[in-house]
Structure formats: C-alpha cells, structure tokens
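Below, each structure is written out as structure tokens.
The same chain A turns up in both complexes below, where it pairs with chain B and then with chain C.
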Partner chain A sequence: MTQALATTSTSVSTARLSSWSLLLNNRLATAGLIILTVIGAIALLAPWLPIPNPNTTLPANRLQPILSDGHLLGTDHLGRDILSRLIWGSRVSIAVGVSATLIAALVGSLIGLVSGYARGTTDNVLMRGIDMIMAFPYILLALAIVAVLGPGLLNALYAIAIVNIPFFARNVRGITVGLASREFVDAARLSGKTHAAILFTEVLPNVLPVIVITMSTTVGWMILETAGLSFLGLGAQPPQADLGSMLGEGRRLLFTAPHVSIIPGLMIFALVMSINLLGDGVRDVLDPRLRAGDLTRPLSVTRVKRKTAPAPVEASDAILDVRGLETSFQRGRATVPAVKGVSFALRKGECMGLIGESGSGKSVTALSLLGLVASPPGVITDGTVAIEGEDVFSRSETGIRALRGAKVAYVFQDPLTTLHPLYRVGEQIAEAITAHQRIGKGEARARAIALMEQVGIRDAKDRVDAYPHEMSGGQRQRIGIAMALANDPDIIIADEPTTALDVTVQAKILDLLQNLRKERGMALLLITHDFGVVAQVCDRVAVMKDGEIVEAGETAELLRAPQHPYTQKLIACVPELGQGKAFLETVRPLFAEGKP
Partner chain B sequence: MSNAIVVKDLVKTFGGKRSLFGGTGHAVHAVKGVSFELKQNETLAIVGESGSGKSTIARMLVGLETPTSGTIAIGGQDYAELHAKGSREFGQMIQYVFQDPVASLNPRKTIDTILDVPLKLLRGYDSEKRKARKRELLDAVQMPSDTLERYPHEFSGGQAQRIAIARALAAEAKIMVLDEPVSALDVSVQAQVLLLLDDLKREFDLSYLFISHDLAVVESVSDRVAVMYLGEMVELDTAEKLFAAPGHEYTRELIASAPRLERERQSRPETDRRGTTELSSRA
Partner chain C sequence: MGGYILKRLAYAVPVIIGLSIIVFGIMAAIPGSTALAILGSFATPENVERVNRELGLDLPIWQQYFVWVGNILQGDFGHSYILRRPVLDEILERFSATLILAGASLILCSIFGILAGVVSAVRQFGWTDRIVTFFVLIGISTPAFWLGLLFILIFAVQLRVLPASGMYAVYGGGDLPDLLRHLILPAVTLAIVATGVIARLTRAAMLEVLRQDYVRTARAKGLDERKVIYRHAFKAALVSIIPVIGIQAGFVMGGAVYIETVFQWPGIGAMLVNAISTRDIILVQGGVLLVATTYVLINLLTDVAQALLDPRLKT
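Showing the complex of A and B:
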C-alpha cells in the first residue's frame, strides 16, 4: 500500500527530496563538507601557493612562535615553516588515507562479493582468512606488516589497506548473500548470463551504495591510522612532511614549544572529524532503510490536525461510527490524502467487510481508527471516529492508548512479523492481558492457556511455552487472535487476517473468527481484498477505491446486484470454482476496449 | 514429439549431508518421487499448499536446483545433457515466470537492458534485430513503447508481471513454467494477466506448467491438474474430472475450503474447529 502511494506521489510535484538536498538538510554533514572542501582545496593547490619550501631547514630560525614575521604558524626544531609543512603534510595524509581506502574497498568488496555469491567452501575459506586478519589487534597487525616490509610511506599504506580489508569484505558479503537468493538473480541466470556476469552486472550495482557508505565512514579512520604509523616513525620518513610524523617530531618539544605538536594535532582532528560528519551524512542519505522513512521515530499516536472542528457525535446504535474520515501523508512539503472522507458504522455483534485493491486506502482506514498510522508522515486531517458515542481523536494520548487492545483489538496479516520472535507465545498473550489489567503472573499464564484453548490450539498447556517460529502459520494467526481477545474487546479489526495462509487453513481461521464473534457478541471489521472471504463471513460490505467508499450494502445483495461499475467489474473478475474455462471468455469483453 | 516435459520418479532432498564433524544434518524431503508429463500445447496446473514441493519441482525443471534422483526430459532432450551444456541451453528450451514480478526485475536496470539480455545471450541477435524484437515483445504483452527507458519500480505489479512475461517470451522457448504468476496481483489485474497468458499461448504455440494455490484460477486456465501434498503428487487428472469428482481426500478438502461468492455458511460442516492444528502443523 505504501508502495502504491509512493509511486503516485513521485509523478506529481511532491517528489521526494533529492539526495543532494537531503544531505544539505543535515547541518553537521554540511559543516563537515565545507571544512573538508576547504582543507582539500588548499592541500591540492599546495604547489602553487606562496609558501616556503617545507623542507628548507634554517637552524638559526628554529622554534619561532606563532604569528612571527614570515612564519604565520611559526617554525619547528629545524627552522622549517610549520604552515608549509602542515599543508604539504595534509596532502600526503589525505592521499595515503584515500588510496588505502580505495585499495581496501576494491580487494575487500571483491572478496565479499565472491564469497557471498559462491557460498559453500569458497565462502568458508575466504571468510576464515578474513577472520584471521580480524583476530589481531589492528595496530599490531599493521606494525607487523610494516616490520616485514620495512618502514616507508608506501608500506604503511599497504599495511593499512590490508588491515581494513575485513571491514569491506564482511559488509559486502552480508549484502551479497541476501541479493544472491533474490529472484532477479535467478531470472538473469535463466536469461543466459554466466555467474561472473551476474556477479558484476546484476549484484554489484545493488551492492555499490553499501561500498560507498563503508568507504565514507572509513576514510577518516584510515587517515588516523596513517598518522599513527608515521607518529611511530614507520610511515613517512624524514624529511617528508606528514601529519603523523610532524606530531611525532613535536612530541619531544611539547613543553618548550607546544605549537609544534598541537598544530598538526588540530589538523588531524579537523580532517577526521569533518570526514566522519560527512560520512555519517552520506550514510543517512544512501541507506535505503533510513531514507524510506523519516529519520525520526514515529509518535505513539497519529498526529491529528483537522481542517474543520469535529461535529458533535450524533447518538446512534453503532458501536463504531466513522464520519468523513480523512487521513493524509506528508510527501516532501505537500500532504496527499490517502483516505478521503470515509464514513461507515458498525453495530454490536455485526461483521463488516472493507474490500478494495492494493492502494485503495483500506488498511490506512483501519489503522486510522485508533491513530495507529505512523506519524510522521501520517496526519488525520478531517472527520470523527466515535467509539460508543465518544470521539477518539478528542481523547488524550493516554486515552487513545487505553482503548487499544481493551476496547478495540487488531489482528494483522502476518503473525510472524507481529509476534516477537524471542518471547514464548504464552508470555506474549499474558503481556497483552497485564497491559490493561492488574493481575499476577500465574493468573495471567492461566488466562493465556484458557485463551489458547478458546482459539482452538490443542495441548495449550504444552504449547504455551513454544516460540513463534515453532508454530505453523495457521497456529500463529490463532495466537494473534488470542492476543486480540485477551481483554474482551468489543470490536476486532482484522487486517487481511488470512491472506498469508493456505486455503484450507484460511477456512478454519475464518470459521474461528465467526464462532468467536457469535459467542462473544463482538463487532468485527474485516479488511480484505478477497470477495470470497467477504461472502463467507460478512453481514455488510463496503467497497473502497482510491481512498473512497464507492458502494456499501448487505453482502448478499451487493454481490448479487452490484450498482457501481467498479464493483461490477471487480466481482466479474473473481474466478469461481465450477466456472471453468468459461471464466476467461466472460471477462474478455471487460478488457476489450481501453487496452494500454 | 508430443511431450514437452517428461518427469519420472523425481526426488529432491535438501540438507542431510555429512557435516565436517561426521554428523548428518537435518534432511527435508521436498519432493518424494513425482512423475508426470506435460504435453505439447497443454496447460498443466500443479496445485498444493505452501511447502508441498510445487515450487521445488518448477525450480528443478528450469535448472535452478539439481534433482537428488529421478529423470527429466525437456523437449525430448535429457536433463543431464542440458545441464552439462549450461544455463544457456536451458534458457532456450524452457523459461520461468516468477511469483513476485517486482522482485524478479533488477531494481537498478532499465527495462531495455533487462529485455536485452536474453535476446543477446540466448538468441544471439544483432542490435538492429534486438531493437525490433523488443518492440514486438512489448506489443505482445500490451505495454507502451516508452516502457523501455523506465525502471522496474515505476511500474505496478500487473505491469511488472507483463514485463517479466515479455522477458520469458524473449528467449523464444516453447515451454513456460509459471510459478504463481498471478497470486501477488489484484483481482482485476489477475484477470488481465490470465487473458494475456491465454492469448500468448495460442499465438506462440506454448506449453504451460502453471503452479498455483488458487483452485478457481487453476480451473479457468488448465487442461489437466495435478495435486501435490507433502511432496507427493496425490492426484492427476483432467480439470473437469478432478473438480467434478476429486479422488483424494486432500483434494476434496482443498475444494471445500475454496472461498465462494455465494453464501453457503450453513452447508459447511463445522467439524474442523478442533481438528485444525493437525493439518496446519504438518503443512
């Protein structure tokens, strides 16, 4: 549903913010970008800047303080100009850090790609090798490598690159494993692509953002490591300037001439800090998980900002009375309504179906009733929802929360995602009870067992300690229903409760819901896309299209003689057992004209 | 040659290999000795619940999984022979349409590059011919020609499934394995795709292996229907006979469970409220 909303909204002017403007919205990242650009530009332009040669020694001029004549940042113990050495040194440090990152990214990603795609023995061998590198403390390993290769800037670069390979290899492997089992990879194989071609033309483009993110977050780290090795005298060799070696040389004069070591220290700080800030910003922009939603946590109740003052609730016999409900989503700077003025009423003990195709707004309607639409971006922009004659949205936040589960309970489509995988099902049912009632642990457990028996789980006493993954889909949905029943709600809202289940299981779950409703006199609002399900359990049905109810009525009547052309078409498109091949011939005229 | 596919005693077991330290892993018997044949120009449907092994059969037929034992002949050619020649040979004989059309299209490629691959690798056409073929294919699945420059996420589920079908057609294979091709789609879109598949079958002389869990859909498209239950094929008959007089108990339950538009709540026995967990825990 959200997908459909997203696609419709990108076509209009409310398109999502571009990556660039998203990055600039992040103040810290922008600051990092500016500092980095300034440092980078100065370092790049070093050969053309009017600064003295960084390696010209002039012992007579040694240890000049800051702002002395001709030496803006003073001179070091050999009389070399610190500003000049700082600029040339930054140049070296940045170059080494970036090249080490590129080498580590190239080798590490290659290992990760191959090992994640090939799996099996290749994966095992490569990953155990990576584990061995990771087993050593990084600086020790770098020292060992430099000890073998001999000191020097280039060797330090290799050492740092090798030490950072596992970082890329592990990240990339993780993503590749997930991608390699995706259907588009299978499809590419069936299109005749070889494994190598699939790896580099199908998988790699999807892994690339992860590589870029990892690079942006490790460059700063690598510059720091280069400085560390140079500080120990294993990186840049004198007289070459490098931030780390400058720091190392200044260390001996820390008390007599602190500026000699403090200045390169501040430079390293500014450089690494700016890169890390920018890197975090880049990650936030590129990471699809962070990008999809807003970066903020959703509120516990959907924001309510009604255009008109809510009309006083009229007395009616309905337990749930929805009038003119409008729920919108913020896209960029505009708000796009997903539910447009929906009104319906549900009486005690009644079952009503809300049917529609994907993107019709039926799930948003169901979630809006108790303010469960994620906010931001969701906003309730108009209408009232009255439960037992009282407007829900006029209640306080705690007031709305008190309704959830107690008066109105939800049953969702896929119980595997709504049940917590690490808690036993019994504990989860008990938790639903204790959230609203003050009872002891033992009693809650006994009630949980009783509920499980009611929803038809055999051997409930044993199954109460099972984890969700130990149960089948049908049993999990029974647990979901048991949780909904925990506090004797008057209304149950079931959002596609059987869509993820097999037909034989679906029939039993529908029977269960039906029997429970009759026994307890609950009202049931059933959200579905399946006319067969509606026909089986609902007294009344409302058909939704593009956020509006186009037709509503008694189920039998509506199915027999649908009035709205949309409903007529939808019902005609449902194949039925016994129709056989005649079905295709009956729907053919519906699509004969107006083909895309 | 009247049989497009002949399958004999096909078995697939996952896991169960000896591990490094001598123990044997847990084995899952996904397909336990299945035999059937798909005739030329026929639509054979395989129905069954999740985990009944129907998708595993499909994946073996197109070479995405290797059978544990049993023989398969595709278009008269032996499976092992085809397999030795590599995925290219397979692709020219048999094509596969996935359940989730959006997931089967690489999100970072335009439709143009996606359709280009089979035309180039499987048919070996030059760029001129490929261009013409791409236009023909889009016409065949009733998509506008500006489709080519766009990315998969710009299309709805039904449109994406048309593109996926176009890609399968591009290989000019005569056998298509359709793995739940309409179950992710809305009903009106589902009907359109079923119509399209029907038209294409006639136009290009195709044979379909149609995998689905929806009996009503199956009845509307198939000549013969096979029922899978826990890795075994419990029944195989013409669609008319199977739906009129189901032989196996499981088939009867499947037909009884299918939701219908007419109200018949009373006619359904309320037996299984208690007996439910048995079937569902095994499935």
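Showing the complex of A and C:
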C-alpha cells in the first residue's frame, strides 16, 4: 500500500513537471507569466523602491507631463508622483482582485462540493439560489450590493466576490456530481469516513484542476471589475487609490492632462492581459481535451502528400481501381500509417466486401477513396485511386467534389449522427440532388419523395418533412440510402450500414441495398466486420488486418477454404442459431495463442 | 411552439419572483434608509419613527414585501425623494436610453463577433485567425471605461469627428442622425468586450461542429465548401452561439453602467451610480428590478430562438 502510494505521488509530481513544461512551451502564456511576474514583483517591492510617497501632495508641482524632471510619468492634479501612485495602485488592485477571487473560489467551491455531493433538497436549494444570482446582469448585482454596504474598497471586493461565486459553484458542482457516484467514493464511504472527510480528501483533490481553471480565467475579470467600481467612485476612497480610482480621478482632466488617466488604464490593461494569457495557458494544460489538440478544422479534401510519383493509370475494366493506397495519421511529429499499400478493383455492378475488425483500416480505406478522411490529421501518403480511368488524387478539389455523391455515393454507419439534426430529411435528400443537377426546388422535393418511396418509406409524402430525430433507426438509414441514390451513382460505398441497427432491420436494409444494386446495376463496396453479411450479399471479399489486405477472393471460395489464419478466425466468429456453448468452444482455441 | 413558449414563460415567473425577493431583501437590509433619505438633516429619532409609520416601514418585513410588490404590480414603484418625482417615470425615461445603447451594442457585437469567429475557425491557424485571436485577446483584457476615454480623446478631441458625450446635441439636433452620431462611440466601446467573447466562442463552436459526422455527410454529397460551412456547420454552431449572445446581453446591460458614466449617456446605469452616491435607495431598487427583469425576458427570448432553430429542443 505504501509502495503504491509512493509511485502515485511520483507520477503526480512528474505530471506536474510536464504541466509546467507544457505551460512554458506556450509562448503566449510564458509572455503573460513574465509580464505578470515583473508587475507583481514591482508591486510587492513598492515600500523599498526609491520612489516618492504616493500621497505627498505638492500643488506647485501639479500636472507635470511625462518624462519631466524627477517624475518619470509626471504628476497629477495634486502634484503627486504618478509612477509612485501607479505602483502603489497596482499593489492595491492586485491584492483586491486576488482576494476577491480567493473568496469567490472558497465560497463557490464549497457550495458546489456540498451541492454536488449531497444532491436532493440541499442541491436544489443551493442551485436555485445560484440561479437567482445569475439571473442578474453581471455588474448590476455588484452595484446593488455596494448600494447596501456603502461605497468603499472592501465593499467593492465583497460585491465582486459574490457575483463571481456562481461560476465556481456551477463548475465545481458539475464535476462533483460525476465524482460522487464513482467507486472510490463508495469505497471511502464503506470504510467509515465521514462525509466531510470524503469531500475534502477524496473529492476535492479531483476537483482542484477545475477550481484552478476557473480562478485563472476569472481573476482578470475581477481585477477589471473592482477597478471599474473604483472608477465609478464606488470602490477605493481617497486618499487610498487603486488603478480604477486613479483613472476615475484623472477623467476630470481628460482634456487638459490626458496622461493622468491614460497611464493607469494602460496598467490595468497590461495586468489583465498578462493574467488572461497565463490563464488560457493554464486552462490548455489542465483541460485534457484541449491538450490533445484535436480541435482542428478538417479540410474539405484529405491532404495528399505522396511519397512516390503516382503511376499512370492503366486501362482496366474496373470502374474503381485502387493501387497501393496508403493513408496515414499525423500524431505529433510522427506520421503513422493506418492503411498500408491496399490494392483492389471493383467492376461494374459487382458487390465487394471489405471485412476486418475495428481498427483494421477498412473505414479509413473507404473514406480515402474520395478524400473524406478528416485532415488534419489524415494524409494520403501513397498510391492511386482510379475512377473512370482517372486518378482521384490528381484531380482538383472541384474535380473531386464533382465525383462525390454523383459517381460515387456514401452510406454511413450511424444515421443519427450522419444526418444533419436541424434539417428536414426531405431537404437533405433534395440538397444531394441539387448539388449535381440543375433543377428547381419543387422538382427536387418531388424527386426526394420518389426516392423515399423507392427505399421503402411508407407515407413518404408526410415523412418528407420529418426531422431525423423523429424517425426510427431503420428509417433514418433508409434516408441515408435515398440520399446516396439521389444522382444514380455507379458506385455506392456503404461503411458499416447496418451496424447501428437491430438485427431484423439489418436484414431489411441489406435486402434493400441488394435489390437496388441489381435494379440499377450499381457496384457496391460494403465495409463490414460481419462475415454473415458478406456471405449474404458479396460476390467477392477482401480481408483487412492492421491496414493491409491479407486475403481476397470469391466469397464462396474464401468461405470454403480460408487460407489466412485471421480469415479463419473471422469466419469462426459468426455464430449459428442454436449452436449455444459449442460456439464458445470452437472460438476459444482460435484466440488462445498469444495470451499469458 | 406556442406550448413551448408558454412553458418557458411559466418558468420565468418564479425567477422574477426570486429576483424581487432578492432586490427587496437587499434594500431592506439598510436600516432606516428611506426615512433618513427623506428627512436628511431633520432625522431625529421621533421624525424617523413617524415617517416609518406613515410609509408602513414599521410593519413586519414580509408584509412590507407584499405591499411593495402589490404597489409595483399597480405601476407604483415609489417616489424618489431626491429627484422629487415618481420612480417609474424616472426609470422608464432612463431605461429607453439604455435600451437604445445596449441594443445597438448587442447588434454590433453579434454581427462582428460571429463574423470574426466563423472566419477565424474557417481559416484556422492562418493569418486571419491570428489577427482575430489577437484582437479578441486585447478586447477582453481592455477596461471598457478606459477605452471610452481613449475614444473620446481620439475621435472627439483630436479628430473632432464625433461628439464626446450626451445623447443629443444641446443646440439643434434631436433627430435620428444626431442620435446615431452620439451613439457610435458609446455603442462601439460597449460592444468591444462582448465581441471578443462571442468571437471566441463562435470559433470554438464552429471547430467543434466542423468535425461532426453530418458535416462529413454534407461533403460526401459533393456540396461545395461554402455550403458545407455556412449552411451545414454554421446553422449547427448557431445553436450554441445563441445562448452566448443571451449572456452577453446581460454583460452589455451591466457594462452600460460604465459607458453611460464615461459618455454621460442619460441611461439607467448612470442613474444607478448617481442614486447609490446620493443613497436614493428606492430609485436603486426600482432600477435594478427593471433591468434584472428585462434580462430574464431576454434569456427567455434566447431560449425560444434556440428552440426555433433546433427542433430537438421543442419538447
């Protein structure tokens, strides 16, 4: 137990170390940290710096301009040294802003923790209270509180802290609710710990990152808002000054001596800016989702960067001819191939199955054919895809778009996420038509209804105005197929079209695809992990493993005499009805090897 | 849709009741304030007691609340003893000025924020994105009240192209072009921060949506990139942008407090600041209640707009 603890603590410290280095890797955050450190150090050292007393008035020396003798930043209307007041004012502003943040963080987090942990009535009462605070426009409540407490720096601090409590309470509660039902909390409860002990020793450490993120993103605001209240004359009262009240006093001299008000404003700006830069950096480091850096915008066509010059397309009877296709993903600086040298051909009217387990590269292969792999991180690194005797990747973007949905259409796996949730299904089908054909809105709609009827949707006239979420899974997939049929394509690429559906619906959708193919003479590339499906519809099949085709051939032959051990395993994995326990016994030895 | 709006309206009622309790509670926490405000230097203990009795301030606190709410429902927000006029008259007059200012700002920040955010997402990591990100950072770090002063110095003092303060010219003016001229500087200043926030969140929302499966479907259909981005991605992103605009409406109404003070715009924010200095509590009470209620209604509108856009929310 002690050993386990020791290892976790070292891993925690290395995690911290890497967080620091991550933060310092962020140039903007580093810049923020440096500016903030300089401002903070000067403010802290104010009493020992060789600067005049900020409150010594000398009316004879009033309103000296910047760079005047003995007053680097000039003097204000009472002859006080502005530089000195700026330093002392920053000290007050930072102290007030940070204190307000600490108070808001302490109270807000406590409310969030208790609320999320206790749930029930406590949660309800606390959160409705928080909602009430949030129902006020942000600064208005602060004004109301100052109205009650009376103007003053401390009262402004309380007011700003109170209006910021909800941000902490809500964020912390959100995380706590999730944590409170986790096993380690249950374990702590069973071990007899009190609720308070669980909250502070088990829950709080896991909530800390959220509190830190919220603090780093709100402290800038709080400095700004307390300065604002002082500017209005509701915060710091003379002779005490923070940056806001300096600005407020200087405002009266705006036309005669603008530097008196401009300088403190510039200081607030520098301070808040550096805090925000640092805060963004802290958030990026502590929020794992952003750290992964996967929120990049995918391009309209996958990037093509082939290692070798593409070979000229050879004439063949295939309508789709894939040679040596290699698609890779960029992971940091490394490029990891997901599809390695895949070659296959599809003839007119033929159905070919591409089978493999998840992660075998079959979907990436399918998406690569028309450059639909999300890029970044995807890159086509080698090979050619010939459609109609021309290499797809040598085409322009417009040229590839002209193929998409016209010559080659896709049917995707989960129609709930692949149909647009905010457009009616009829509109989505009609849009597929008008993308490639010049026809009017009315005709497109009529054709959409006809297509819906063809894919077996009853009452197509009524359903055409339905939204995807109003349909069943099977119906949605029929819409997906109708959309694919919109322009009478030569090839349909169906990527696991039945995986998200019930078994009975699966069979119907497969029948539908099969019938349509025969009626219209389309070629079908069917991506699946299920040999049962392949056996039912495919003429030929290619088996993929780890990004490579390991075996290919006529379906019947391959099923009868599979050569590759992986193919044998996949075939064995298709259970037969009533086989029962015997199924497990036949499958088990196939997967026994390689296990400890 | 009608049912949904009714439901949301019903939900707003307890919120407004809660607001009224908070506003009343805060103001009631100040002992003898009203009497002190009325009596000024005549505030002997006997006089305070007499005024309290006359105004019903000696009743139990919950009774006072009901009297107060009852009066408000009849349009009686009380009487400002400092301004010597009914609170309702004052706050309505002031409120219309604030609505003009805040409304103009909200339009500005919505248009420019969304535009900047979308362009920034579409041209991610390009120079447009960098420039937008840079300005967003400056925007959200700048004290608006300071920026207002800078604008006055530049545009009113140096360039002399726009008026420095007020809502209408003192002599002449009073028409719409005059109002617009006076509106430009305060509205732009007030919009800057909100523009930054909206741009930032729009960019994030667009980047999130652009990776969704249905955007890939739109591409697989062969739609051109403009349609993919503006018809498919943008509409979906708008669902999460609308509530942000609602929240910014609150920030803009709050920020109006500073901007109205800087530009001497005769709005409710400047009125509140003055009222707090003069301890005119009844005026503060009425003003805060009015603005807060408006904010609740704006949030209601955002919810309805969101439901109009996203049929899945209409339940």
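Following the convention adopted for this analysis, the second predicted complex is superposed on the first by the 424 of 596 C-alpha atoms of A that agree within 3 Å, B and C clash if a C-alpha of one lies under 4 Å from a C-alpha of the other, contacts with A are read in each partner's own complex, and residues count from 1 in each chain.
Following the convention adopted for this analysis, contacts are C-beta pairs under 8 Å (C-beta built on N, C-alpha and C of every residue); 3 or more make two chains touch, one makes a residue touch a chain.
Being a predicted model, the structure only gives us computed values, none of them experimental.
Engineer: Could you look at A:E183 and tell me whether it touches chain B, chain C, both or neither (first, second, both, neither)?
Structural biologist: A:E183: touches chain B, not chain C.
Engineer: If we overlay the two complexes on their shared chain A, which of chain B and chain C does A:L570 touch? Say first, second, both or neither.
Structural biologist: first
Engineer: Per the contact definition in the header, classify A:L512: touching chain B only (first), chain C only (second), both, or neither.
Structural biologist: first
Engineer: Per the contact definition in the header, classify A:I39: touching chain B only (first), chain C only (second), both, or neither.
Structural biologist: Neither chain B nor chain C is touched by A:I39.
Engineer: Which partner does A:L277 reach: the first (chain B), the second (chain C), both, or neither?
Structural biologist: Second partner only.
Engineer: Looking at chain A, which of its residues have contacts with both chain B and chain C?
Structural biologist: Common interface on chain A, chain B vs chain C: nothing in common.
Engineer: Quick one: which bits of chain B touch chain A in the complex? Just the residue numbers, please.
Structural biologist: 49-50, 62-64, 87-88, 90-91, 95-96, 98-100, 103-109, 117-118, 121-122, 142-144, 153-154, 156-157, 164, 167-168, 170-171, 186-192, 194-195, 198, 213-217, 219-221, 239-240, 243, 253-263, 265, 268, 270, 272-274, 276-277, 279-283
Engineer: Report the residues of chain A in contact with chain C in the complex, numbered from low to high.
Structural biologist: 128, 131-132, 135-141, 143-148, 151, 220, 224, 227-228, 231-234, 244, 247, 251, 254-255, 258, 261-262, 264-266, 268-269, 272-273, 276-277, 295-298, 300, 370, 372, 374, 397-398, 401-406, 409-410, 412, 414, 417-423, 431-432, 435-436, 467, 469-470, 483, 486
Engineer: Touching chain A in the complex: which residues of chain C?
Structural biologist: 15, 18-19, 22-23, 26-27, 29-30, 121-122, 124-125, 137-138, 140-147, 149-150, 152-153, 157, 204, 206-208, 210-225, 227-228, 232, 235-236, 239, 249-251, 253-255, 257-258, 261-262, 272-273, 275-277, 281, 284, 288, 291-292, 295-296, 299, 309-312
Engineer: List the residues on chain A that touch chain B in their complex, please.
Structural biologist: 4, 7, 182-184, 186-194, 202, 205-206, 357-358, 456-458, 471-475, 502-508, 511-512, 514-515, 529-533, 535-537, 555-556, 559, 569-571, 573-584, 587-588, 590-591, 595-596
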